[in-house]
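Read from first to last, the chains carry the letters A, B and C; within each, the first residue is number 1.
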């Protein structure tokens, strides 16, 4: 018997949203079905895979077919509803933010459980949330989006701060995780709503 | 004393063909000899290396110099015969298909031996066969070829199906591996011969 | 109490130089502060991370915050002195060569200590020195520089030869490491000073 918790459902929603983002960008580049599926999968599981390699544990998706299945459903969804996807952009944005928040929490908690300090966990949480998108952009041969605009990965770093504050206050583990997730989610949502972004370095001329 | 089996010879042929493909694409981009060697090597051993990292075993090429040697021979080959390489395209295509088949079988078998289920093994077999080419294309700054056209990685997935069918029938391990390899090889050859390819997703307009 | 040795200082200088190179190239592509920081960090620690993954040990930067701190200082440095950076190019080149030499020595020694033969150690030393720059170039969507010009990674290979010669002569470990580092450093410096580079493969026409 499989028990599916509320957190599982959030994780599936996030996986679905991440896969959709990979599949849509791949299809915009005329990838075939296989290519679109792989890019969707890598977007969804790439960050967690790098995290697990660095933590030296078996990559999470190798013990459960659900991530492959969700990516297949995402591919089907894009094929069937391709004409209406633009109108769902707000929904996908929300799903993506949920995914980002949950992936960050999972990444941070898993790293702390493995005995690493919070600063390592924050990096791992950020990677869990954002590295899949970097791999996606490398595969479609674009400069990774998260390096250029928007508060995205930085929202995961905020989640790390939330952990630190909760640890200082002394809230219990579940409460800490919820506060962390909400911090990531709100940072992401508010940054987009109020067009908050990080400054760009002034490029030097002709020196590289 | 080293015993070289028929399978070893096939593996060397495949490694040689994969290295050649990397070196030729690198030289088309004016890479220097070192760059061409590295891209050839990564094409040949990249897929198996990622597989071994995911399986948490020592990367296969770290215990045998043969892969570096074969890549060096491939580099020499391209330097000496560069004018005639175009006329050898059919031969290289055949060698590449042999390599793909054998890499897929090795990847699947190694993963099963490590105790993972067949669906994980199929992914690993596909990665062993196709991920080197993806790394090659990332290094030469092109969109990975296997995401855009031809049945290539999908041929490895067919090898996974062949394993499943053989397991269901109950053939012994050697026979299963042979049937798997032939399935991958034939799928690849027939797909190219009859111009079979996967459909492309209809890209949405202006939404990414 | 932390004891900082002369080797540590060289390593910090190298890390700083590598991070600067990543941050400058990222800022030339209009990356935001986060993106520039990540690219700087990956340039500095990427090679050693891949090495540690292949050796199956915990990535070195996960047990010491110094690498993140140095990258932050490098970012600050670029922000404050951006106008004067061009005039510091010779200094950075020197720092980078020091970093390359030291990273190569560290990579080779760590691999030998893990029980691998020298040829594996030479590859690992080369990766420690040069793979971070490859990741940097993939992230900024350029063809990796080290594949196209200059003796860079090859200087690390020279370090491996120096190890072999020292082992044959029978010098002790510290002397061997110093000679290796000097070999890498001098190879790099002399190659640039005398415009020595590897030949390029003659690309075939229209075959890729």
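Everything below uses one rule, namely that a contact is a pair of C-beta atoms (placed from the backbone, for glycine too) under 8 Å apart; a residue touches a chain by one contact, two chains touch by 3 or more.
Predicted model only: the values in this text are computed from it and were never measured.
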Turning angle required so that chain A lies on chain C, C-alpha fit (0 to 180°, nearest 5): 120
Chain C against chain B, contact positions shared by both copies (same if over half, else different): different
Rounded Å distance between chain B and chain C, as computed from the means of their C-alpha atoms: 30
Shared-contact residues (touching 2 or more other chains) in chain B: 53, 56, 138, 141
Of all residues in chain B, those that touch chain A in their complex: 53-54, 56, 116, 119-120, 134, 138, 141-144, 146-149, 153-154, 197-204, 207-208
Touching residues (chain side chain A, partner chain B) in the complex: 23-36, 38-39, 49, 53, 56, 58-59, 62, 65, 68, 78-79, 82-83, 85-86, 89, 138-141
